[in-house]
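Chain nomenclature is as follows: A, B and C, assigned in order of appearance, with residue numbering initiated at 1 for each chain independently.
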């Protein structure tokens, strides 16, 4: 099981961000390194890539406010 | 022609007023927009292009202008409006979309109009050129004193309107000063990437004088502007005055300006603290007088912002009014 | 600079309109070296609306070209390149800016094929953002779809979700005419207008597909009244339909999807069934798209109407800045629902 964590380096400031959209639905098969969610911080739109391949489990739905380091989902090994 | 002490004090106080105003606007802008950024939310919605760092270009030129003159600006107008003497309370109210605003809330931050000081601005690039030169033409036709000044960004010089209007201003010897604020960026595109020859050199094409002032220094801008304004006032036609300046923030609030390197941003100098120090060093003001002046400016800005916040919104149906005279 | 991350793997993907449109552009650019993109802030910045994120990195400065602020100039340049065999994509971020370059669009690019008797084609696609509702005031909130639609020689598409955004972009890029792909800013999926509008996001197939011009789309079937819109007013109409359903009124929502050519058959078919119609458009009302829809009904068969048609559009005022006035001027789901109910009162 791999956590999908909002990366520390994804944005510069300590501001909160928001999950703008998940690209895949809960239970979908995803591939490591591919886009899995879009986040916004202020006006900037940021891409979050899948840290592993497997089945996506969404813990925080779209519109959830997040910080860097927040775990927003998991990837279950196939 | 160097600025007299009173003029230097006015320039400093006005730059400070502009800076404090923009700082207060910045605070208000973010209300309601975190953590989810929605441009339409909060007491101060919409786009916001601020003037941090560009204050010298406004005061250095406007120090030479009076009630007979006219000024047009672009989408980054606050410092110019303030230097021109636009009613600060009504300007703040306009930004807040209130009934007491300059346009009753119809225009917003990029469309500030104040006919008491013959000031207008437009959100379309280079749109200040035509109407600005037109105000110069009217003065000439009616044999009235006064000149017109149009503020443009470095990007605006590549609009067709720039060429068209400069050509006519030169042909007809209009009392018109074209001010170009070279803050080096048109959103993300640098002047170097967009402009084949520095814009002030195009003056040769219009057989009018052109000058470039480096340093973002109010005193140097004042001196060059004196030449430009006199040239126009004396009936000798237009003048292109290009002023190096610094855009200290992004293009609009929310622009993280990732296209600029961190080193480049760190190297930028804020013109206001250094001018303050210069006035103290040269004993134009004592520390006590400086602080008293600053307290006064702070108070005026705070009152204007509060007026904007406290004023009422227009009734929705007022949207239908003022389309026609 | 954000790279365009890739999405593959076979699972269904829900994309924003911005990402779906980009996907189509990138796919076509990879296949056809004649396609290049030209406009302001598209290289380093990736476009003010994210239309070209990652493309300068992939295709280079020769194919993703940042221009000076010289719309008349670069639209003319792109047109000439198109006439000489290239297939340019021109970005005009805000439709309001067509003012400075309308001649280049409507007098030359739109008319060259005709005026040359077919000798010269202008296979050029323009990407244009439009619309308001977020206090960007009169010069940055317009739609001007009616203005562009009024001039012959321009095909205009207005996708309302990510699925249609991609399919219509493929169609535009493969078409040999001047095509304009227009997206309302509030449904594009940008980070600066709050959270994503769910109904504008959609499952987007990974493979390429086209959507034919001139084919409207029924988003919701109904029997009592037809709500016609495009772009954002499709979404307002969907919300209105929900409100109406709660009151026992069955509303059909028809998305015009292409403005030129207009799917007049679809309009007639739907209104013939319901007998009542509300046309919603954020553009100015006078002489616009709403008028064209009603003219279609009046010309082909006005008898199908059981009640007068109602238009919900900007009441011919410059878009006001202040929130209460802007809300008053622009269409929303409440106004559309009220209009629908008024058709049922006669």
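What we mean here is this: a residue touches a chain if its C-beta (ideal position, glycine included) is under 8 Å from a C-beta of that chain, and two chains touch if they have at least 3 such contacts.
Since we're looking at a predicted model, the values are computed, not measured.
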> Could you name the chain whose CA centroid falls nearest to the centroid of all protein CA atoms?
Replying inline: C
> More C-beta contacts across B-C or across A-B?
Replying inline: B-C
> Hey, how far is the Cα centre of chain A from the one of chain C, in Å?
Replying inline: 30
> Once you find the CA centre of chain B and the CA centre of chain C, what distance in Å lies between them?
Replying inline: 35
>> Centroid from C-alpha atoms only, then distance chain A to chain B, rounded to Å. What do you get?
In response: 42
>> Two-or-more-chain contact residues of chain A, please, as numbers and ranges.
In response: 18, 40, 42-44, 63
> In chain B, what residues contact two or more other chains?
Replying inline: 36-37, 254, 258
> Counting only residues that touch at least 2 other chains, which ones in chain C make the list?
Replying inline: 191-192, 195
> In the complex formed with chain C, which residues of chain A make contact?
Replying inline: 18, 20-25, 28-31, 34-35, 38, 40-47, 49, 62-63
> chain B touches which residues of chain A in the complex?
Replying inline: 12, 15-18, 40, 42-44, 63, 65
> What residues of chain C sit close enough to touch chain A in their complex?
Replying inline: 2-3, 5-16, 19, 50, 189-192, 195-196, 201
>> List the residues on chain C that touch chain B in their complex, please.
In response: 1, 40-41, 44-45, 48, 66-73, 96-97, 99-100, 133-140, 191-195, 315-318, 320-329
> Taking the complex as given, what residues does chain B use to touch chain A?
Replying inline: 33-37, 254-256, 258
